[in-house]
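One structure follows; several queries about it will come next.
Per-chain numbering from 1; labels A, B and C assigned in written order.
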Amino acid sequence: MMLKHIAKIALNLTVICFFAGTVLGLVNLGTQKAKEENQHKREMLTSMSLLGYGAGNPAPPDLEMRAVSRYLLSVDGAPALGYVLPVDNNPVFIVLSVEGEKLLEIPAPDAHQADINQNLSSLMGKEVSGLRHVEDYRIALLDGKVLGYLIVGNNLGFKANIRMMISLNADFSVRGMAILESEEDPGLGDEAKEPYFRNQFAGKSAEQLARTGVSTSPQPEEYRALLEAQPEGHFTAEEMERLRTVYGDSPIYSITGSTISSTAVTVGVQKAVSRFVYRLQQVNAALAAARTAPPAPAGEPEEEGV
Amino acid sequence: MKKIMLIAAMLAALATSALAGDGLTLKAGSFADAHSIEVEFLSPLSGLEGLEPSHWRVVEASSPDIALPLEKVELAPANPNAARLTFRQNLDMGQPHQVTLASPRGSGKIEVTRNMLAVLLTLFLSAAVINNYVFSRYLGLCVFFGVSQHRDTAVGTGITFTLVMTCSGILSWAVFQFILKPLSLGFLQILVFIGLVACLVQALDTILRKINPVLFKKLGVYLVLITVNCIILAVPLLIADRNFNLAESFFFAVGAGLGFAMALYLMANVRERLAVARVPASFQGLPIAFIVCGLFALAFMGFSGLSLF
Amino acid sequence: MSGFQLIVRGLLAENPVFRLALSMCPAVAVTTNVKNGFLLGCAVVFVQVMSNLTASALRQFVHQRVRVVIYTIIIATWVSAIDMIMGAYLPDLYDQVSLYIKLIVVFAIIISRMELFASKNPLIPSLFDGLGMGLGFMFGLMMIGAVRELLGSGQLLGFDLLGTKPLLIMILPAGGFFVIGFLMAIFNTVLKKLGLGAPPAGGHH
């Protein structure tokens, strides 16, 4: 009978869809958490490695990681910058104009309330809108002193966007670079992940980095040997010194057959570092100006960051 | 009377321009190449005074505090109304740039974004030729080798595929943007897209049968091949992965389809000749087809890095 | 046919990659090295086995007219599942093959095994049939991967073997096509010598 057929078909489809939905829903729930955890773990490993720590040299327990968060907002129609800064134990939120003039400084928790834009508008007496988080810069502190900075850069490569993490020493010279994401061709642009390319950035001062170009000449054998001596980029003080003095001024030797990818990575690193240094200087200058932050009201819960 | 009014109007115009000084008004700007921006003014430029690099401030929209290092300003080669600003480093053309002029001769602010048509055509070219689905992405091989034995089947399949790919590309874009993304059901992509393609093929089959039986007779048989095919599913998956908008999805899908059609036609031509050539027994059929495909892939590699827009 | 015989059939006479020429897309894309080939092979084994088992378990229940739809949904479910699992636990390896794992859903081989075998046989034989086909596929992929990795980057599983500069072409698409063409021809010759006959008409899905 027709009805029986239709009913059976309908039942089939319902059961199958139910089955599909259940299986997928469960797998999704199970794997989502694992995915985020693994991603976080990987970034942590990369960060630690860029700071010089690894399996053979674990990070000391008193290593502290703080974050400087950068925001973009619009004040009275003009673009402005916001930063959440880890000042001592009380994170502070400041708003700087494009020229570097400090427009506002408040304890960070005070900024983080129901309608942030509204709250900031009333605090500054100006029209604030479009507050959005852009990126984080991380500072590694050991014994209360700056050990290094970790920043993320990106640039369009040959195929897709390349994301990289750069580790800077306290004097803003480059300690190392790691590629986080890239979709370049194996054997070509993908070689940027290899020590002989990516360790080339190590040892360059901020100024040398800004001046460096990309060369298509073959990489000197000695240079390559030195770079590959420490595949993880954990150069000894002596090796770092050699990299700085002997090869600090040499160009970045591009990967054979991948000038575009090599240039993209180099420019990405240059942009990220120069912008970070500039912004940090702006922020420090603004903070150095007379501080007028009101003390945090008693009883306010301490919130870490935003 | 009219003559007097005309002369009066001209005098007034001259007077205004004389009073305003040589007022430059910014009209629009565009990316001239990877490291320069062309800025067009309302009136022809008589010279470059007041237009030195120090009077300009160019920033990326996402980094308004970083003034991009401007190397030089010159008169644009092709346009008397325009000036060309050349930068030391390549520009990130994916971002809108804000160009501000503050000079004694005039001031103003414009936003420079990438030409939409250029973006779409680049996407089309990329999908069709540079990252050709068969020769660079190794997709659609399933059907490719079966159908490319004769030219007419190749053409028929190519047309049908392009049609279905475009429709499924647009439909899947809609479903992804309005249903899957807002409800965080991204993980159901595969299931939903393949269902979509199957339904679409079924619908096209029925529609074509009713509306144009002649066309159906010619192309209908290829519709069957489409449903279970790597390439037909790859287009929606890539669209979802890269988060294209509607126009981008359309050009991407059409490019993929036409690139596939072209690949099919090229292969068919070669295979018709191979069928009457003396091929060693072990190589007959698929092995030699693969090797020929490899030669095509080699040739198509020449397109990589091509950028016309 | 015993379980073992089923597996051997999947590996040799009806090897999906070289003989049946089914599901070629991943064979070229993924086999730039052995590890990727192995990864995709595992994914296919998983999907094939689970789909076979599901189809076999439901074989009394599935209505004839909707069986293709039902099989497709089953396959899509297991493919989505393995896609998510790999993405979560093997992110580095997964990044390179992500698109091709999603495309397992269109492998004609999986649905054809379900239709030809699993829908008519109990659970255990279906398991072995799936295992055989899946392993045959994995074997094919790993072989192509081995040749391409050895010639194209001078390595095998990451270990440098060749002393000289490798042929970069091998890990690019063109090389993939060449390698498969040659391996297919070799397979044909070898099997002809072993008397296993001409390949079944290849060149469709």
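The rule is simple: contacts are C-beta pairs under 8 Å (C-beta built on N, C-alpha and C of every residue); 3 or more make two chains touch, one makes a residue touch a chain.
Since the model is a prediction, treat every value here as computed from it, not as a measurement.
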> Taking chains as nodes and touches as edges, what kind of graph is this: line, ring, star, complete or other?
Replying inline: complete
> Can you name the chain that lies farthest from chain C, using the mean of each chain's Cα atoms as its centre?
Replying inline: A
>> A-C versus B-C: which interface comes out with more C-beta contact pairs?
In response: B-C
> Where the centres are mean C-alpha positions, what is the separation of chain A from chain B, in Å?
Replying inline: 30
> Distance from the CA centroid of chain A to that of chain C, rounded to the nearest Å?
Replying inline: 39
> What whole-number Å value describes the gap between the mean CA coordinates of chain B and chain C?
Replying inline: 34
> Where does chain A touch two or more other chains at once, residue-wise?
Replying inline: 20, 24, 27-28
> Residue numbers in chain B touching 2 or more other chains?
Replying inline: 187-188, 191
> If you look at chain C, which of its residues touch at least two other chains?
Replying inline: 69, 73, 76-77, 80, 84, 172
> What residues on chain A touch chain B, complex-wise?
Replying inline: 20, 24, 27-28, 72, 79-81, 96, 98, 100, 134, 155-156, 158, 260, 263, 267, 270-271, 275, 278-279, 282
> Which part of chain C faces chain A closely enough to touch in the complex?
Replying inline: 32, 54, 61-63, 65-66, 69-70, 73-74, 76-78, 80-81, 84-85, 87-89, 91-92, 96, 152-153, 168, 171-172
> Which residues of chain B touch chain A in the complex?
Replying inline: 59, 62-66, 89-90, 92, 94, 187-188, 191, 305
> Mind pulling up the chain A residues that touch chain C in the complex?
Replying inline: 5, 8-9, 12-13, 15-17, 19-20, 23-24, 27-28, 31-32, 34-35, 38-39, 42, 185-188, 257
> Where on chain B is chain C touching in the complex?
Replying inline: 135-143, 145-146, 149, 187-191, 194-195, 198, 225, 228-230, 232-234, 237-238, 241, 280-283, 285-291, 293-295, 297-298, 301
